[in-house]
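Right after this note come the structures.
One chain, chain A, appears in both complexes that follow, with chain B as partner in the first and chain C in the second.
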Partner chain A sequence: MPADAVVVVGAGPAGLAAAVRLAEGGHQVRLIARGNGFTHWGAGAVDLLGRVRGERVERPLEAIGQLPADHPYRLVGEAAVRDGLDWFTRFAAAAGLAHAGDPERNRDQVTALGTMRPTCLLPAPAAGPFRSGRVAVVNFEGFRDFSPALCALGLRRAGVDAFPATAPLPSWNHERYFTAVELAQAIDDDGFRRRLAPGIARVAAGAEAVLVPAVLGVRRGHEPWADLERLVGASLVEAAIPPPSVPGLRLFTAYRARLDTLGVRWQFGFPAVGIERDGDRVTALRSEGASRVIVTRCRELVLATGGVAGHGIEANRDGTLAEVVAGLPVARFADRLGFLADRFLGEHPLGAAGVRVDAELRPLHASGEPVFANVRCVGGLLAGHDPTVEGSREGVALATAARAAELLAATPVS
Partner chain B sequence: MLHVEQTADRCIKCNVCNTVCPVSAVTDLFPGPKYEGPQGQRFRAGIDTGDSPDRSLDYCSGCGLCTQACPEGVLIAEINQVARSRLVDDRGGLALRENLISRPPLMGRLARPVAPLANLLMASRPFRVAVEKTIRVHRDAPMPRFSSTSFRSWARRHRPPAATTRSVAYFHGCAVQEFEPEMGAAVVRVLERNRVRVTFPRQGCCGLPLISNGGFEAGRALATRLIGRLRGAAGDPGVIVASSTSCGMTLKAKYRELLGMDDDATRSVSQAVYDICEYLVGLDEQGELDRSFRPLQARAVYHPPCQLMAHGIGAPALDLLALVPGLQVEQSRAGCCGTAGTYGTKVEKYQIAMDVGHSLFDQVAETRPDFVVCDSETCRWHIAKATGLPVYHPVQVLDRAYGAQAVV
Partner chain C sequence: MNRRLLETDVVVVGGGVTGVAVLRDLALRGVDAVLVERFDLGTGTSGRWHGLLHSGARYAVRDQESARECIDENTILRRVAPHTIEDVGGLFVLLPGDDEGYAAQFVEGCRASGIATEELSAAAARRREPLLAPDVKLAFGVPDGGIDSWALLRSMAADAERRGCRVLVRHPVTGFERDGDRITAVRVHDLVAGEDRTIGCRWVVNAAGAWAGEIGRMAGVPIRMIAGKGVMVVMASRYVRGVVNACRKPADGDIIVPQHEVAILGTTSEQVQSPDDIAVPPAHVDRMVDMCAQMVPAIASGRVLRAFAGSRPLYQPESADGDGAAGGGDTRAVTRTFTVLDHADRDGLVNLLSIVGGKLTTCRQMAEKLVDRLAERMGVTEPCRTATEVLPGADHGPHRLAEPLARVEREAAYGELVCECELVTGGQVRAAVADGLSELEDLRRRLRLGYGPCQAAFCAWRAAGILAERPPEGSAEGSGEPEPLAGLERFLEERWRGQRATTWGDQARQALLNHAIYRGIFDLRGSGRPDEAAAANRPAVQPGEGDPTRRVGDELVGDSDGRTSSRAGDD
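Now for the complex of A and B:
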């Protein structure tokens, strides 16, 4: 790998998008990640901005104005937000993963609990209408991560005329244990779908829409969903279920194929642990290897390592927080007693902890001076936003990846 | 550093590992890395006697994709390997089959004087059926070809070039020594072309087949012997190049992780080991790789073996193959070819190995390349048998592009 490579660290929504966009921009890119990221955990939609100060947002672009000045959206600007989502929509559609929606208004994504989560872009299988008429909530026999009764109950509370049902599975190679991924792999198969469809149609008789767990195929984009919908003869809508996220896996597969096509080299399974520097420039990334540290030289470094949940930020023994790769200052976390806040996934001080950056995504000292000239931070690592509480994870990832690609396009390749 | 079994505590039950397991995707006999690994571990911890909680451990192929996918740093495949060694201990040691297939030098040495005859016998259906019935090695599982000459006898006759600028020791492993001496010769030619002097320290089996079959005690004996023999080379010339991905991985990390060997000698050997492609890319980064490759008008599918990923170096062969003019390389989309060392040769697991490899074999059938490239020997044999195409080590391709009249 030549020394003029751009090294991207992290394979979550921000790292993947940044790596693809930089490679599309003609950079030699190397992607280094400790493991899979939020694609595999998320609901499989693109959240832009779902809540501000606890209130549900209907018009996310307008609501950006209500965010604090150091929020990533405010730093990169509306153009980057639009560019991020536009690019994603085109990229996903080209990979057979069409998405519905636009940044002007939020939409509902239905969950396994029969609740609605506000999101912006929905994959086509999750985007169909299900609010009017009779809705069958159908599980597949033996699948343990989805309760049709619970989902239907939630929907009825929301005023939807929903009833639960369970469709039998054709005989296949899993009788005992199976996960969403194994079921989705089976549904990739044409013959399996043909045998599956009559059972769904039977138990969903009389329904205008059929709500199913998000497992309708994983390796062949949205094709298995569209085909099964034809076979069943009713609108099929995927509900978000607990991890692993099959819609997220579809996306990950699409990213990976694109990265391979673009010649991006992967290094997977070992964390980045440090950098080498020359003054204010990072010259190489240090990552763990099987028996010694692996040194990858770089011209630019893009950190997409995530926040506390992604291990981009870890706690020191004294309760302070540290950025794990380059030792960057972590802002927005004052006091170790904050660890003891009531709700881990609610308003928790750790949620908004992160690295403070300038408008060019360069990490800043407390004094406001950039720490490095050639390091950009993207995605969940950034201070000033709480992706879980705001419902902004994919939007921030895509907008900051867009900004990073734009900034590095202006950097001369030596 | 945490002990392998302690890493189970990092598991957050997110199921990411189950999304990459190639075995649980095709069979119920293995419930998946999350259930078998960190969850099963809760029941194993502190239990020193009695049966292991789950015999499905046997069905983990040890490919390690789960460990690489885990965002939390749980050593999932390693947890299962440690647990399997206890299962084997509970059973009173390795069974006959596992003992035989885990000792390639034994088979190779026995067959060498009668290699043509042994190869005829291995190609004979009735013999393979008899082997399947008695030893339970599947009749269709690929077997390496025995060689009449060993690699070391070639190396003894080999005259190194006069002008060299640096030295490395070559850990050729059992496969090159017993079955593929021509592959070792290609490694030596490519290194010497780059003005690297190659030495051949006394070595032996690294013990990986025994370790992955759960025979830790026998594996440790081989490991200790090998560390003793390579210790000198770790000091001088200081670089040990390995052309077998899985043996290289064992030397780098598995003695420490699985066998708990953390002494100075093991550490110095493990830190001196480089995968051959990793080493060549390193030369290239210093501007010292001879890039004068002749064009090779061919199309290839490159499959990075699962064990290569465990090196943490990406897939350096891709950088090297990209230097060969005319060669078009498509990357495999499969995480694992299925065989995972000796796993796919066993009568009860052969079909699982074929099912796991299916996506790779399909991709090869669609692409119709001239040949397949793969770093690991057991993968090469498995892929060659399943696709009917020649399968080469990346260095064999470089050797040909440097002008050797050899295999490719």
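Now for the complex of A and C:
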């Protein structure tokens, strides 16, 4: 096993982007992950900065200046933020997942509750206009994760002329029970779409736009959506639904194909459990295998394991926090009552818990000294931001992955 | 406005199991009675306990009078209310360090109290309870069980109403009207209509449990109650087949009660100033988990869903000791038996009786003793029939844990699941909505929606979607549309209560995931209105619309004060 590999831990929005970018930079990359990350759990868009101090942000790049100095965006700088989003837009488009938008201005993403969440880049199926004219909110018969009545109610409150409807599904082999993913797989099929389209057109008659749950195909990029839109003869807009995110799965599929093309070896379903070190350098990563601990030697280690929600950090009963792979320092709470806010929909301190890093994304001791010379932390693992409250998850992932790729470009490549 | 609402023979104050048992006993003897409850049935101690159907063994060493009451009532409830009982049995386990002398006293105490025990070797005990600690030395089987106090309340109230008595929920007592040495009427505040009313009556029963002292004060009679707070912890799975108790002098964290899909760890015993003090200190949660993990080690690394506290209705007789200053002490020494106070002899108030002390397992017997006394005073000669008259619902047979899954399989309703944790189907939610339930909180109490490990991550908005399908209420333009999002936010905030003290590890991850769904994906940020105000604005029965008494036969309507209320053991 080569000792000069760059090992990336974690396969969420940050780890996937970092692994691809490092491999594109000529590094020999190994990706090790315990499971899926926030591609599957998110809203299926690219959030850059949706809110600052509770206020909705219209111009996210400008608003970065209002963030604290230790926020990941401030640490990596605007150039890395732009680079991260530009790279993503190119990568996604090349994979058949065109996104609309740019970092200068936020956009609305419509959700299954009829609310409008602020985001930055929207996949094409979610980006169509729907606010003017009459909108049909259409569910597929038997799909339980979308309520057209609830969504239309929310839209009407936002001033949209929306009405609920349900389209019949052509016969298939999941009549009694199906998930968003199974429905999306069915919609990948040309024949299924041809049989599905007339029902949508009929129940949406008179509407200028048709809002549907985000399930229009999963394995063939945006093609099924574009084809169905042609067949129905009206603009089709995907609304964000709760996990698992079908748009997130499309993206994950694209990353996976790209990693294969680049020759990145990856182990999935095997949590990293520790490191081996030599002084201030990590020499190997230890991860669980089927029956033993696997030791992967590395020249550089990129941790993209996420925060508490992503399993990167464990929140303990006594109020302490533990970074699970390398035992990196994480600020503790006085007691566990401090983890969470009084109100569920409030802002939870635990959501912003993470590893403090320097401008080169190296983890820091409380004293401010780097813990390791060859470890970089990216994405949700970083302290100083709450991806849910700020609406910054994908933006921080892409910007810090960009910065990590830039920093490691200066290190020798095998 | 203060209009006369009703005239009746007896007003029963308090909608816990004691008050409702009194109401049913009166109904069976043909007495006209009205029960008034400040919030909703079972929102006090009856809904905030561990759900143990006592065999009496817990009291066999120290309080054999209570022990005998328990085993008698345990036997009767299995006969008249089998549908509310999980007949799972119980064990008392002896761990290293436990006093074998106590075990001998325990066996003798059970024998003297009429409680059957079965001595089990360590190996036999572990065959019955595979997750017991490997170092368990010895165990005793006893006829403990689980009992769903909400189901019991629903059955008893429905039976009483069927026999002509009435239940008024959300009618707190505000005072009494007296004429010399008699109460002539009970003053109540109708929280739904926002009006003060009076109920004319000949007799009053104070069955307010831990709040009996406050009712006594309003009537001008001193009743010294001790608020004994007990904290309980809800684990995400059952762990045990039957009840598991530590075979030692009762102490913190010595009992594990399996209930539906969860296990309840109990409990602390702490004297506090007010029965409304139901705060849960995190240290109490830790102690309960650590102590119970001595009996069942898997609990140490298990997932804690939530914690809650209830207030025991402990009575301190005037003669017992001097001042009995409140605060701080362990209240386990106070007897768990009950007392009927006839205020005619005691205080010169001729038509008020109070019932204090006791416990859920003995609620029927408590009612019998009180109503015997009252009937004698009233000249009613009908005997008590509650020990033999089977409750409505009992014909469904004993409670079956696997029934929800069996129902889903019978109806092939897999795709219809709204709540995977509790196996609630869309059909059940639609039926409940058709019955008039309009709040997610009501659906929770009816269907157990949102009780499981994910704490409503997926079911809440699915159920909100079904509520949104309702036709708008009323015909007025623009005013009739339901507000499912506001209701969803209220429900999420209600579920949040009771979780903070128990959130770490996997449950912390769950909390942040739920937050990422509701705030992150759905962009809900709360209405900005305080919960109480939002709750007070709930759609409710219009004043003057139909019968002022509200059906509670199988529906528990939500309380309006934002206070968490729930079925036994899970809140």
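Simple rule for what comes next: the second predicted complex is superposed on the first by the 400 of 414 C-alpha atoms of A that agree within 3 Å, B and C clash if a C-alpha of one lies under 4 Å from a C-alpha of the other, contacts with A are read in each partner's own complex, and residues count from 1 in each chain.
Heads up, the rule we're going with is that a contact is a pair of C-beta atoms (placed from the backbone, for glycine too) under 8 Å apart; a residue touches a chain by one contact, two chains touch by 3 or more.
Because the structure is predicted, anything quoted here is derived from the model rather than measured.
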Partner chain in contact with A:311 - chain B first, chain C second, else both or neither: both
Which superposed partner A:257 touches (first chain B, second chain C, both, neither): first
Touched partner set for A:288, first chain B, second chain C, both or neither: first
First (chain B), second (chain C), both or neither touched by A:348: second
Partner chain in contact with A:147 - chain B first, chain C second, else both or neither: second
Which superposed partner A:41 touches (first chain B, second chain C, both, neither): both
Chain B versus chain C as contact partner of A:182, first or second or both or neither: first
Which of chain B and chain C A:362 touches, first, second, both or neither: neither
Touching partner for A:243 - first (chain B), second (chain C), both, neither: both
More chain A residues in contact - chain B or chain C: C
Intersection of the chain A residues that touch chain B with those that touch chain C: 41, 176-177, 243, 311
List of chain A residues in touch with chain B within their complex: 1-3, 30, 32, 34-37, 40-41, 173-177, 179, 181-182, 185, 243-244, 249, 256-257, 260, 263, 265-271, 287-292, 294, 297, 310-311
Touching residues on chain A, where the partner in the complex is chain C: 38, 41-43, 54, 111-113, 115-118, 142, 144-147, 149-150, 153-154, 156, 176-178, 240-243, 307-309, 311, 314-317, 335-337, 339-340, 342-346, 348, 350-351, 387-389, 391, 393
Of all residues in chain B, those that touch chain A in their complex: 14-16, 18-20, 24-28, 31-32, 35, 67-73, 249, 251-253, 256, 270-271, 273, 281, 285, 309-315, 318-319, 322, 331, 333
Contact footprint of chain A on chain C as seen in their complex: 282, 286, 412, 414-418, 426, 457-458, 461-462, 464-466, 468-469, 481-482, 484-485, 488-489, 492-493, 495-496, 499-501, 503-505, 508-509, 511-526
